[in-house]
Amino acid sequence: MTVVVDISHRLGDFEIDARFESAGRLTALFGPSGSGKTTLINMIAGLIRPDKGRIEADGRVLVDTDAGLFVPKHKRRIGMVFQDARLFPHMSVASNLRYGRWFTPTVERYASMSAVVDLLGIGPLLDRRPAKLSGGEKQRVAIGRALLASPRLLLMDEPLASLDEARKAEILPYIERLRDETKIPIVYVSHSISEVVRLASDVVVLAQGKVAATGPTGTIMQRLDLLPTEERGEGGAVLDTAVLRHDEAFGMTVLGSAAGDIRVPLLATPAGAPVRLRIRARDVMIATEQPTGLSALNILPGTIVAIEPGEGPTVEIAVDCNGATVLARITEQSRQTLNLGLGRNVYAVVKTVSFDRANTSAGLPVEADG
Amino acid sequence: DDRLIVFAAASMKNALDAVNTACEADVGEAATISYAASSALAKQIEGGAPADIFISADLDWMKYLSDKKLIKPDTEVKLLGNEIVLVAPKDSTAETKIEKRFDLARLIGESRLAMGDSKAVPAGKYAKAALEELGVWSSVEGKVAQAENVRAALKLVSTGEAALGIVYATDAHAEPGVKVIGTFPEDSHPPIVYPVAQTADSKDKDAPAFLKCLQSVKAGELFKAQDFTVLTPSN
Amino acid sequence: MNWLLDLTPDEWNAVRLSIKVATVAMIASLPPGILIALVLARGQFWGKTLLNGLVHLPLILPPVVTGYLLLLSFGRRGPAGAFLAEHFGIVFSFRWTGAALACGVMGFPLMVRAIRLSIEAVDRRIEAAAGTLGANPLWVFGTITLPLILPGLIAGAILSFAKAMGEFGATITFVSNIPNETQTLPSAIYTFTQVPGGDAGALRLTLISIVISMAALIASEVLARRVGKRMDIE
Amino acid sequence: MNWLLDLTPDEWNAVRLSIKVATVAMIASLPPGILIALVLARGQFWGKTLLNGLVHLPLILPPVVTGYLLLLSFGRRGPAGAFLAEHFGIVFSFRWTGAALACGVMGFPLMVRAIRLSIEAVDRRIEAAAGTLGANPLWVFGTITLPLILPGLIAGAILSFAKAMGEFGATITFVSNIPNETQTLPSAIYTFTQVPGGDAGALRLTLISIVISMAALIASEVLARRVGKRMDIE
Amino acid sequence: MTVVVDISHRLGDFEIDARFESAGRLTALFGPSGSGKTTLINMIAGLIRPDKGRIEADGRVLVDTDAGLFVPKHKRRIGMVFQDARLFPHMSVASNLRYGRWFTPTVERYASMSAVVDLLGIGPLLDRRPAKLSGGEKQRVAIGRALLASPRLLLMDEPLASLDEARKAEILPYIERLRDETKIPIVYVSHSISEVVRLASDVVVLAQGKVAATGPTGTIMQRLDLLPTEERGEGGAVLDTAVLRHDEAFGMTVLGSAAGDIRVPLLATPAGAPVRLRIRARDVMIATEQPTGLSALNILPGTIVAIEPGEGPTVEIAVDCNGATVLARITEQSRQTLNLGLGRNVYAVVKTVSFDRANTSAGLPVEADG
């Protein structure tokens, strides 16, 4: 499944001119406020007709201005969760949820009412009108409504922005499961790196209406220069690993990677299954000798292959651990004190608890995340 | 539709309703009577209305239809007559004799002379003709308040809005809020005539009987009771 | 009360007929009213100004003129009247249906304006959301737009009904004042005002007319409030 | 065109008078119209139903009856008329002001309904936001509510104007048909329709009336569109 | 300045019954979605009239149902930033911003148009209508509008939820400056611990309409049990420190605390000034011997005074470092491997880059934050 977007469009002073192609299961549209994320996603949904260009999803041409083609929104089977919930004010929550089901052929319905309701924790709200919901509750219902239409492509415009961490954590696994089990491609707008890393297989970075970069999440996340300054702490290496074994006694899972074994909090993933792991640069320390008597469990030997100045007093150090690159962010003072230079053999040290959202659901990329 | 339908000038309602009842036995059915302005009724007949009999409040609208061959000419009869009178509110002290160049303008003073529309409403047309004949029209023309119909003119007088009014005798006599100051001489205006005729399209078998009964003595008494003058020869 | 309800059979008929005429006028105007309000609120086409003007015409013209125009076009000898009678067997001239037509036409600009204002107040983003859920424009209209404009529909309907209860000039000009067929309450009231001593009768019928319309008005307010409460915003 | 504009002085006066009467009726109705619409849309008080009924009365009653009621209350000897004449020197009887009053009253329910619908569509949370910024309710009304209901105000105003251009029954009953003082276009048209052969004259005046109202209608649409664009939602 | 709230109120099935008092400069209302935060703040603003109770701000009684007192919202001079921006749709952005100024006596105006516009980066939007703004842009304008009314108390309902990190980072310092320089008390609704720690002097924790806890931020943040499970990673110790000196060469500031010297990225705070420092438990490692050859610069000797089981495979260890308590979260496996027990002398190890948003503005609490 591929989403191909190649459009140009003008809104007042703002000009958008974006071209990208993503075959990912979940493509994140990432960029600062006002960069055109909502505009772009609205075009995919059929809410805005681009001045010029072409949009294709799942091999189906949705828009082709040259050919004068424009599939209307209700024929696209593209679900949308809006930045503002846009619930139907005259219907109860339950009717809002059921709305899309009418239009989905029975055989194509993959979302079940009770599962969605349970998951989003909106059972007690079913009889209420949208006006009587809190901001977060509204957004949860909006997510449920889109899911229950069983769309073939799901667009989400910062769906979690107004949710608290507990709800986010509850909903994220469902979005992941959706991504992995139903094979519904998802385009997900976000300006939260942790969400992007956790969810996205691919990332499209938008800046001022242009695509600044696009590629697999791992690649994009290592390019710290693409991330907004304030978000760089979230950047880091993404390793492809597989579950070696579970250590039930200590509640941990051991992942095998090229860099060596890595211990993370227990995963539900079965042994042998692949797991994507993000190691945030700011969570990685560098040791010149094998540490002893230290609580950090993950100690990966490697060689420094790159040193680049980071923000403020920091430097970014890339350590090649047997073919896998791990990024570390340390202070320039430490670099000098430890006399770190290219080619030096060092140890990358990572605490297990850095991976503190790892124990979530099967088949997920796992990350070090705050 | 086998009803006998009569289109009649609205001002005839009281009298005609009574006549209708009285004639029911003779005619064999009670006519269904639609009361409206003569102009509207004439145009409706022109537009194909299912009327069998038309009673107009003046000769003009009857002529309008006969010119268009919409009535049976041999059935047309001048049925009733009326008088126009000068009225004032009941508490008015105005007094005058209606004659050539009588001082109507002074009587009106700063107030108004209410009457039917001098172009549109029959009573207004008669009133204007009479005032012209008497040579006072030019002196009161600017003080005239023209009403949509003669009943509205009467209201203007009975509420004291206008100091004087010119209305039919039939209306004035039945209205407790006004008093009659004088009657306009019969020769000061064209004869006030209510003509009746059967329409050209009328096929109702009872229409001739109804026309006949309208001209009967019995009917004449009922018309007179409402202060109409009866013009048909049988009286 | 006895005095109020002590009506002649013809008067009773006028009461019944007025309710029937007003109800039919209101209901029959709703579909075209909604359609035209929609077109005026949302459409962008040549001739929109013309359509808008046409809709307002019955308001602008003296009722007598409107009635006369109806007589000329929908009368037995009028082009529209002849066509409808021949092809659909619908006859307006001098029938209660004609009274309903006249009342519907006179109330039409009021109804359209109310509905149009409601349509213009609908948040189109919510309709767009329904579209993304798979609803085609017709469904969106039926399930989202229509319920959201219900207060406007109710307002439009009650305006049309009330206008029909009071409409006189166009009706009497178009279909005359035939008891039991086209004599609505206003015509009956008019007849009373045209004769000496008719005031009491006119007043009585006027009061009856007011009572009926007030009942309809209150019903519409209750309905609108109930509808409104469902969508309460604060 | 020449034929259309070849009017007698009295007819010219009727044209001028109709525009004046309709404009004054519209403008003078706006403040009470807004106030009553506000009260009906937002108020919760005993007698609201009564007020609502009262506002609709001119719609429900045959125009002639409304005119007669105006005559009884605002006429020279009517209680309101006597009071206003004595204390404020405002005289309605047989004056163009009376025609404006009649037209304003007849158009009032239409205006109030349009404004009320707009008020009901205003998002009160936005008003609340203005309140937290320090604006007292009057300021909030003037700077937030009023601009937001502008489309409704325009609609209400144009309805009132159009109605005034066509109003006949109440006007002629209340203030009669005095050339140059109370003879509005509908009165002049009426006169023509009552005369055999007057159709051409009636048609001519009717066309003039339509042209004037259409111009007002188009102006209102342009205005409303401009206002609407400013607040464009999508 | 004190805010006193003691109210009970019912909304449908939801009952709120909250009592708290805060003399803090910035009081955070913290709690999950649907816990009643918006309802409570609406009562303070005067948008909801509580069924029963009393609200007082700055010594002024705003609501007292017993006395039948209810100061209307426009007389409260309480600024409000809503969760949904609620801009005036018929006014340009500039007019929206200026709206509140009309009602503020000239002498009491402390916010300047140009400063606010610059800060929020909304200069290019001034002539636009709200309908043409992106979600984040709307919220920035809403913040500006409230600020420019120069309120005596500022209420903010998740004002940053829809902003990207770069904007958040730009706006946060201004909120801090507002808090510190103008002495305008602020009540701030948030479900982001990092925001709360960074901004709040005091925290009121809401749960299902009730106040679960209230107190100074430091105290609340150490009670990990009060935090939602998913947010516990953000919890940790808060130390009161003072600037010892700046190390311009390496771009670092050295803070003195009871626990010892702590190096953080350079602060603008002058030497001697107090700084509040949050050390997130998940960023702290435990070493049984003084580490060498390790890039972590902050090594604080101390004694284990508490060990409590944490979430999943973790334990929370409290280390008393010369009177200051530092919290560490490590795995149970590490605890056993290192044989950690009460009374054991250990070293708490913290990377300097953990404090990666420290270099922001003067006089701030500084935190380790993601």
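Chains here go by letter, A, B, C, D and E, matching the order in which they are written, and residues are numbered from 1 within each.
The working rule: a contact is a pair of C-beta atoms (placed from the backbone, for glycine too) under 8 Å apart; a residue touches a chain by one contact, two chains touch by 3 or more.
Keep in mind it's a predicted model, so treat the numbers as computed, not measured.
**Q** Touching both chain C and chain E: give me those chains, sorted by label.
**A** A, D
**Q** Farthest from chain E in C-alpha centre terms, which chain would that be?
**A** Centre of mass proxy via C-alpha means gives B as farthest from chain E.
**Q** In whole angstrom, how far does the Cα centroid of chain B sit from the Cα centroid of chain E?
**A** 91
**Q** Go ahead and note the Å separation of the Cα centroids belonging to chain B and chain C.
**A** Chain centres of chain B and chain C, defined by C-alpha means, are spaced 34 Å apart.
**Q** Taking the mean of the C-alpha atoms as each chain's centre, how many Å separate chain D from chain E?
**A** For chain D versus chain E, the centre distance works out to 57 Å.
**Q** On chain D, where are the residues touching two or more other chains?
**A** Where chain D meets two or more other chains at a single residue, that happens at 64, 68, 125, 128, 169, 190, 193, 233-234.
**Q** Would you give the residues of chain A that are in contact with at least 2 other chains, written as numbers and ranges?
**A** 84, 132
**Q** Find every residue in chain B that makes contact with two or more other chains and list them.
**A** Chain B, residues with two or more chain partners: not present.
**Q** Judged by the touch rule stated earlier, which pairs of chains are there in contact?
**A** Applying the touch rule to all chain pairs gives A-C, A-E, B-C, B-D, C-D, D-E.
**Q** Can you list the chain D residues touching chain B in their complex?
**A** 64, 68, 71-72, 75-78, 93-94, 169, 172-173, 176-178, 190-196, 198
**Q** If we count contacts the way the header does, which residues on chain C are in touch with chain A in the complex?
**A** Contact set of chain C toward chain A: 125-126, 128-137, 139-140, 143-144, 147-148, 150, 230-234.
**Q** Where on chain A does chain C make contact in their complex?
**A** Of all residues in chain A, those touching chain C are 45-47, 72-80, 82, 84, 86-91, 99-100, 102-104, 129, 131-132, 145-146, 149.
**Q** Where on chain B does chain C make contact in their complex?
**A** 5, 7, 10-11, 13-14, 32-36, 40-41, 43-44, 47-51, 149, 151, 170-171, 173-175
**Q** Once bound in the complex, which stretches of chain D touch chain C?
**A** 49, 52-53, 56-65, 68, 109-110, 113-114, 116-118, 120-121, 123-125, 128, 151-152, 155, 159, 162-163, 165-169, 185-186, 189-190, 193, 202, 206, 209-210, 213-214, 217-218, 221, 228, 233-234
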